[in-house]
Each structure stands twice: as C-alpha cells, then as structure tokens.
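In the two assemblies presented below, subunit A is common to both, partnered first by subunit B and then by subunit C.
For the complex of A and B:
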C-alpha cells in the first residue's frame, strides 16, 4: 500500500510538470486553434537560454531565472512574429503545419549553436528531500512540482483576473470580433506565444534539472500530446487533470508493469490511456461543450 | 465627416465586391444603407473599420477620408482610437463564453481611463434587460439580449460614429422596434450612426438619409422619407409596388447581377 502511495506521489509531482506542458499547448490552441508541435524545441531553447544565464554567466538563480524566462518569452514572441502572424485569419491547419516545420528548424538551430553534447545541469536548490519511514521523495521532483504548480496558478490568475487576460480570452474566442472592439488581436497573439514559451521554459528547466540537458531533450515535449488530448484541447483545467493522469499512469507503469518484463512500457502507457479516453470521450475529458441555446 | 470616394475592394485578389462606391456620412445623422444580399454592404463597413485585411480583402482604388484625412492605411485599433469609430459586426458580435460583465469590460479594452465602471452602469441603464444576467455567460442570452449587449459593448468604446451591421437580424418585430428606438436615442445623444439594414422600412423610418447599394455601387440616394416614397425602393425593398399584377420580365429593372461567390 505504501508502495502504491509512493508511486502515485512521484507520479503526481512529474504530472504537475506535464500539466504545465499541456497548459502551453492549450493556451495557444485556444487562441489560434493551432497545435504547437514545436513545443519540445521551445523547451530545449528555453532551457538553454536559462543555461546561458545561470551556468555561463554565473548569475545568481533569482536573477538568472527571470532573465532566462524573459529571453524565452522574447524568442517565443519573435517566432510568432515571423511565422504565425502572417497567417492570422487563415486556416489554423496552416499554422499547425508551420509549427511542424519549426520543430525541425529549431532542432537544427539548437544543434548548430550548442552541438549535440550533453550539458550537465544542476540547480543548487535547497535540499527538501522528504524522507519518512514509508515514503521517500527526492528534492528535485518536489521542486519541479512546486515551480510547475506556481507557474500554472500564475498563468491562470493572469488569464482570469487581469485586463490582459480578459483580452486574451476574448481573442481566443473570436479574433475578428475582438478586433472590431478595438483589441489588437495581433499583439495579443504575440503575448500568448510569449506566455506559452515562458511556461515551456519553466517546465524545461525543471525537467533538465532531473538529469542533463541536450539537444535531444525536446522529445519529452511530446508528452504534451496525450496530456491535452486526454484533458481536452481547449480546457485549462483539463490540462491539469490530463497532466496528473499521465504522470501517475507513467509512474504506475514504471513500478508495476515494467518489472513484468515489458521494458519501456512506461513511455507507451500514456498513449494507451489516451486511446481509451478518446474512445469514450472524443473531445477529451473536459473538451468544450459548445454553447447551444434552447 | 466620413467620406468614401470611389472605393474598390477585391477579396482574394479576384472577387470584386465594391466597384467604385462613393458616399458621405454627415455628422449627427442616421445614415441608412439598404441593398440586397451580396451588394457589398458588409464589405463596405469592414473596409471603413479597417478590418478588410483580416478577411483577405484589398482596397485597390479609391479612398476613405475622415475629416479629409485618409484612413485607409490604418488598422482597426488605430481607427477606433483616433476617430472613435466603432463597428458592430453582423450576427451579434459578442463573446459567448464570457459573462455579460466581462463582455462589456473586454469591449473597453482600448480605454485606460478609470471611468469604465461608471460607464458600465450607464450602458446597463440603457439596456435594463441585461442587468439580471450580468454574471451569466453571454451565449445563453436570447437573441435580442445578445444584440443589445453587442450595442452596449460598442458604447463602452465611447464611439462618435457607430457602424451597425444588420442589428435586426433574426429578431422579432417587437424587439426590432425597441432596438430601433434605442438607436434613435443614441443618435439624439450625439452619436453619428451608419445603419445597414435589410428591414428597409423600419430603418428608413428612423434614418435621415439613405443610400441604395447594388453590385458594389450606389444606385440611388436621397432623404429617407423620399426613398420611402420612391417607386423602385417601394417595389424592391418594401415589397409594396403598384397593386396590379406585373409580367415577370418587367421585374428586372436593374441589369442581371453577376456573382462570383
């Protein structure tokens, strides 16, 4: 029993990071109905930007983190400006295709700049390892969970309590209507991409902190796909639930199914859950129920 | 104050919608634009509001002037900020998933003054039906309430010119009457109104002047009361021509319309 709780706990912590990844995809999907396939590369770029600030420039973490995240946000906004903005008002499929292209383009850029080496990545965060008679949680995942949930809450607060957030939600619903009421939809879309890439950078730093950072780390970004498909493509709460489900199911698969000889099943399990959920609820657990008046 | 000169607009580089339309809006009036479907009325309003680019349309000729200054290069947010011109799109341009309160606040996004709260109360006084629904999602409001909300949102932007695109679309006659009463009240309070309507009779009744648009051109203009009496307008837009039966071929007064879409 304690074994199970331990596994679920570990899964929850990593699940919070996945939830953050899902949030990044959901925010962009709500605004422009495009799925951001390049999320993994955004993650790597964000982490490397932080790497420069923290390890290369040796800034203290409370300066390096905001600076790194700001840089990630600027990169996100720049990419939006160059690639997505010209497509405003067109078919969202073309934006999705663009992000597919960005995926490979950004991967190549990262390899050109930083090479394919593995960079050791160790944040000197205070040790808060939780160790009791039955449970044992490592310090790094706990920090990752804390940072992720904090970022998640901040984003939700921004979306639902500020005038910018209101404008973002208005643009997300209908760009043309928002423009007609004087909301600068193009600028708001840029803000959305910046926010999304900042969140991805937070997740990236936390994930890199588990081990090391390399150009190939971006593959973890693909976890966002089952997360948002389970939670519903346009639901922020769904991203949280989906993230937790994926995290827990991954950790359960790792603890109980892999020892049966199915090595690597941990990576497949989320997609199994996704398939089952999609069979039952094609729009995901919390996908929007379109408003229909009676 | 607003003049449109020989404007030509093309969608997707091939579909010509406005073919040299010219008209003028005078300060403080209610200008009514009537025309059949596809005549280019909505395109005209989109172009004036600076949103034609969003719909992949281009102005290929002509000019839009506000107090003799060309505004055709400006985008929608700029036009709204500089000239207090607000465009209320057709089919109730509200945000279905935001509450009515949030809708009004979102519409005030372009403003930074601290009077937004009091203005909101003022707008709700104009439309008392919205008051009990303030915290409900706008998508659940009835058609009439949604259209009133749309106009209320436009009021939150503090307009001097209001472009209304078919506010009576899909509303019951009684509600339409109420709505037009409100539009007249707004006009009395000093807002210039450009009203595009299919409901020609009701619109011309509250309007000062009117234009009839066909195939992207103005074919007729005049005082609203004159237009109401005009033989052609009565026949084509009010459905009340001469009482004796006519041959079908006589009905084709204007040349056959060629449509690309």
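For the complex of A and C:
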C-alpha cells in the first residue's frame, strides 16, 4: 500500500506539470480551435530565455523568473502576430498547420542560436525533500508540482475573475459576437498566445530542472496530446484531470507493469489510456460533445 | 627546321609517355562518417579532429600521406542515422573505383548491421567503426563472421564484464553484491546485457533489477525508486550519451534517492561531458573506457603524463586554438577533447594501415585488410606504451576510471571542477580469462 501511495504521489507531481502543458493547449484551442503542435518548441524557447536571465546574466531567481517568463510571453505574442493573426477568420485547420510548421521552424532557430548542446540546469531551490521511512518525495518534483499548480490556479483566476479573462472567454465563445460587442478579438488572441507561452515556459523550467536543458527537450511537450485528448480539448478542468491521469498512469506502469517484463511500457501507457478513453468518449472525459447537422 | 621537328617529336614523345601515366596514377581514397549532429547532440569536434588529422597526415610533418602519396579523404556527417550512413557509403561506392576507394569508416551499430553483406561479401572493403557492438565484434560475431569490420574499441559486453569484475573485486559487503542494470531501449543499450548477466552469475553477483530508461523520460524518480526497492548496491548505466539531458536527470535523481549506491557506466558516459552536465551528482562515478580520458575541468589542470595526451592537447591547441580555449558549454568550443581525439584517431589509424599496406607492396583493399589483421601498434602511446593487435578486430584495451567532481565558487556561481582519473592499468581484454 505504501508503495502504491509513493507511486501515485510521484505520478501526481509530474501529472501537475503535464496538466499545465495541457492547459496551454486548451486555452489556445478554446480561443481559436487550433491545436498548438509547436508546444514542445515553445517549452524549449521559454526555458532558454529563463536560462539567459538566470545562468548567463546571473540574476537572482525572483528577478530572472519573471523576466524570463515575460520574454517567453513576448515571443508567444510576436509569433501569434506574425503567423496566426493573418489567418484569423479562416479554417482553424490552417492555423493548426501553421503550428506544425512553427514546430520545425522554431527547432531550427533554437539549434541555430543555442546549438544542440546540453546545458546544465541547477536551480538550487530550497530543499523540501519529504523523506520518511515509507515515503520519499524529491525536492525538485515537489517544486515542479507547486509551481505548476500555482500557475494553473493563476491562469484560472485570470480567466474567471478579471475583465480581461471575461473578454478572453467571450472571444472563446464566439469571435464574431465578441467583436460585435466591441472586444478587440485580434488583441485578445495575442494575449492568449502570450499567456500560453508563459505557462509552457514555467513547465519547461521545471522539467529542465529535473535534468538539463537541450534543444531536444521539447519532446516532453508531446505529452500534452494525450492529456488534452483524455480531458477534452476545450476543458480547463479536463486538462487538470488528464494531466494527473497521464502522470499517475506513467508512474504506475513504470513501477508495476515494467517489472513484470513489459519493459518500455511506461512510454506507451499514456497513449494506451488515451485510446481507451477515446473509444468510450471521443470528445474526452470533459470535452464538449458537438452535434453537427449535415 | 630540323631542330623544331626534333623538339616537336620529343614533346609528343614525352606527352605520350607521361600523360597516360598521370591519368592512370591511382589515387588513395577513404571515406569517414561521424555523428556530428542529430539526436546525440551537436558534436562538430569529431569532424574538427578528423579534418586536422587528415591534413596533418598528408603534410610533411605528419609523414606525407602514404610514402609521399597524398590520401584523398572524404568526410560526411551521418547525423546519427543509419539510413544516412548507408546512403553516403553507397554514393561513394558508385562514384569511385574499387582500386582507389580503399577504406571506409562509420560510427554506429545501426549502420553496420544492414551493410554486413555489402561490406563483407560484395565490396570486401575494410571498415573501421566507432561501434563497440558485442553482436558484431564479440564471440558470436568477430573476424570469422564479419572479416572486413574493425572496431576502434573494446565491446560493450567486455566493458560490462569488466565492471562486474570490478564489483566482485572491490565489494566489501557480506553476501552477493546486488547489481541494478539501467540501459536504453535501443540496440546500443541492449548490447552486451546478456553477456554481462551471464558473467555476473558466474561471479556470484546478484542482478536484482533491470530497467529500460528511455531517452524521452521526463524524470527518473520511478526508475530510481525501483532500484531502491530492489536494494541495488551497484547501478550500471549503459547505452546513453554522457551529454544527454536524460543522463543529467538520472544522475541528479539517483544521487538523492540512491545515496549509498555506486553508480557505474560504460564508455560513452565516462568523461568530461557528464561532469559539465551532471556536475556534483557525477562525483564518485566509476566507468570503463576505451580511450585515455584526459580532459579535466578546467582544461588547464589536465595531467600530461601520457605522450599521446600531450600530443593531442598540443595538436588541438595548434590547429583549433579558438575552440580549445572556448567556453566548454557554449557552441563553438571543444566540449570534451575525447570527441576531437576520435576524429584524430581515425586519421592516424587510416594512415598507419595504408602505409603498412603500401610497404608490403599491396595498396589494395585486400592489402589494407592484411595490414589491419597484422597490425601491432601502441597507437602513438595511447595506452601508456602498451601495444595491441587487431586479431579480434577490436582494439581490446580498456581502463577503469573514477570521477572526482568538486563544486567551487567562481564569479558568484558554483561551477564544477575535476575529472575522471584512472583506477586501473590498461587491460587487454583479449588476454583476460573471463
């Protein structure tokens, strides 16, 4: 039982980071119905921007983190302005295709600027490791869980308790109607991309702190796909649940299924669960069921 | 008039004799491929070492090629992709004649396997490789099965067995030492594992856990907890690049969860790069390596007691002055001189065997193969003066190292210093009775 709790706990901490990644995809999808496939590259760029502030410029973390995240937000807004904005009003598929292109373009830019080297990444946050006779939770994943859930709550607060959030939700509901009510939908979309980029950067910094940062670190971003497909593409709560399911599922598979001989199952498990959920609920656990008349 | 006619006739005669000779003069061509980009990271050092090495061996100082005949060399980045490696090789085969294209080199097991028939049966071209594959170069493969394949290092099977042997000899606990194996879910990672397990059993070691830890893992908590539950005392980490973020993740986590455990590993996780990436968590690591690791952090503190080490540092300083002193973690610098040495080693080896073949009067693919098979060399002092022979088609020299890393304050930042230092003499695995 202790073992199970340890495994679920470890999975929950990672799951919170995945939930944050899922949230970043959901907010963009809700606003523009586009799926951001470049999430992994946004993660790498955001992490590198923080890296510059903290490791290169030697700024203290309480200055480096906001500055790094701000820079990530500006990059997100700029990318939206240059690539997504011209496609407003067109089929969301074209925006999704653009994000696929962005994936490769951003990867090439990252390699051009920072190379393919691995950069050591030690945040040296206060050690809050929980170690008892039965349990062992490392400090870095706990910090990752704390930062992720705090960011998640902040975004939810921003969306549901501020005027800007109201405008964002209005645009998410119906762009044309929101514009008719005098909301600058184009600007709102830019804000959404900026927020999404900031959240991805938070997740990126936390994940890099587990090991190191490299141009290839963006692969973790792909975990957002099962997260949002399980939770529902347009459900913020679904992103949280989906993230936790994926995190716990990975952890359980690693602890209980792999030792039975199914080596490598940990990597496959999230997609396996995703398929089961999609068979039963094609729009995800909390996704809006669409009824289209043809 | 007569003089002019005579002069003209002489000129025609000279042309008649000299031009066909010049046209038919055979060139000596070799192709080398290294993973300078791709999933293993950005490793231009391979190419720099090879380019500088080949230019040097062709120069007067380096022996003027092959007894005065220059070696025409080609270099390709195979991007850690077997497909690219094979395509490049085929391209060069099509473009150059058998008489001239005498040798080829590659760097990964994935490229060796699909080329078995082409290299060993159809083309019969000597092929040097950076792969230490047990399947290809071990007891099940080797010269009888793959006569034209040669490796520039000891097999992973032998590396893992040497680690097991070290555990057996150095374990001070009671009962059978408990060993955990962590390897990548790749042909590289799985290579040598069955041999290592069989040898562990023979030595009386208890392999308590076997984990495939993927390159795509977000963190390594689960893997380390599994090893902790299994009460592993020694963990062997195999089939990974020391430069990968997954390696940093594993070492950082293992150092906290597996506090009393001895972390160990094979060649590519031993060296300078893991010190830069994993920092203090790499301290105490015990590894086995096929080359002398001689690149301390900072580089200025590297011991120069080995003639080959001194040669390499002087060489890099001379031919890559900017890269040699560049910041190790910024693009454009030599991050770990081992990578530079790899390129340089290939150049030295290529020249050595081509010269031997030429001296034997048989500068053909078969002649080069004979030269390799008969080679007894100290590799310019690489193994502290010990020589090796290529009878197993591998350079069977291995050495154990231990990492010592100390974090020091520099400009208000904690930076790692230290290196990996030998804890054994060079061991010729062809002479070890396993």
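Basically, the second predicted complex is superposed on the first by the 288 of 294 C-alpha atoms of A that agree within 3 Å, B and C clash if a C-alpha of one lies under 4 Å from a C-alpha of the other, contacts with A are read in each partner's own complex, and residues count from 1 in each chain.
Criterion: contacts are C-beta pairs under 8 Å (C-beta built on N, C-alpha and C of every residue); 3 or more make two chains touch, one makes a residue touch a chain.
All figures in this text were calculated on a predicted structure; none of them were measured in a lab.
*Asks:* If subunit A is used to align the two complexes, do subunit B and subunit C fit next to each other or clash?
*Replies:* They fit side by side.
*Asks:* Determine, under the contact definition given at the top, whether A:7 touches first (subunit B), second (subunit C), both, or neither.
*Replies:* The second partner, subunit C, only.
*Asks:* Using only C-alpha centres after the superposition, what angle do subunit B and subunit C make about subunit A, to the nearest 10 degrees?
*Replies:* The C-alpha centres give an angle of about 140 degrees at subunit A.
*Asks:* Look at A:287 in the shared chain and tell me whether it touches subunit B only, subunit C only, both, or neither; answer first, second, both or neither.
*Replies:* So A:287 meets neither subunit B nor subunit C here.
*Asks:* Would you check which partner chain A:184 touches, where first means subunit B only, second means subunit C only, and both and neither mean what they say?
*Replies:* A:184 sits against subunit B, while subunit C stays out of touch.
*Asks:* Contact-wise, after the overlay, does A:88 reach subunit B, subunit C, both or neither (first, second, both, neither)?
*Replies:* first
*Asks:* Between subunit B and subunit C, which one contacts more residues of subunit A in the superposed model?
*Replies:* C
*Asks:* Quick one: is A:267 in contact with subunit B, with subunit C, with both, or with neither? Answer first, second, both or neither.
*Replies:* Second partner only.
*Asks:* Identify the partner contact of A:212: answer first if only subunit B is touched, second if only subunit C is, both if each is, neither if none is.
*Replies:* second
*Asks:* For A:238, is the partner it touches subunit B (first), subunit C (second), both, or none of the two (neither)?
*Replies:* Touch status of A:238: no partner.
*Asks:* Report the closest approach of subunit B and subunit C over their C-alpha atoms in the superposed model, as a whole number of Å.
*Replies:* When the complexes share the chain A frame, the smallest subunit B-subunit C C-alpha distance is 36 Å.
*Asks:* Along subunit A, where are the residues that touch subunit B in the complex?
*Replies:* For subunit A paired with subunit B, touching residues are 88-90, 163, 166-167, 169-170, 173-184, 291, 293.
*Asks:* Please output the residues of subunit A touching subunit C within their complex, sorted ascending.
*Replies:* So the residues of subunit A in touch with subunit C come to 3, 6-7, 10, 14, 17, 55, 58, 111, 114-122, 124, 129, 136, 138-141, 207-208, 210-214, 216-217, 219-220, 223, 250-251, 254-255, 258-259, 263-264, 266-267.
*Asks:* Give the list of subunit C residues in touch with subunit A in this complex.
*Replies:* Residues 37-39, 41-42, 185, 209-212, 214, 216-223, 225-226, 228-229, 243-250, 252-253, 256-257, 276-279, 329-332, 335, 411-414 of subunit C touch subunit A in their complex.
*Asks:* Under the definition above, what is the set of subunit B residues touching subunit A in their complex?
*Replies:* 49, 51, 54-56, 76-77, 80-81, 86-89, 93-98, 102, 105-107, 109-110, 137, 139-140, 142, 153-154, 157
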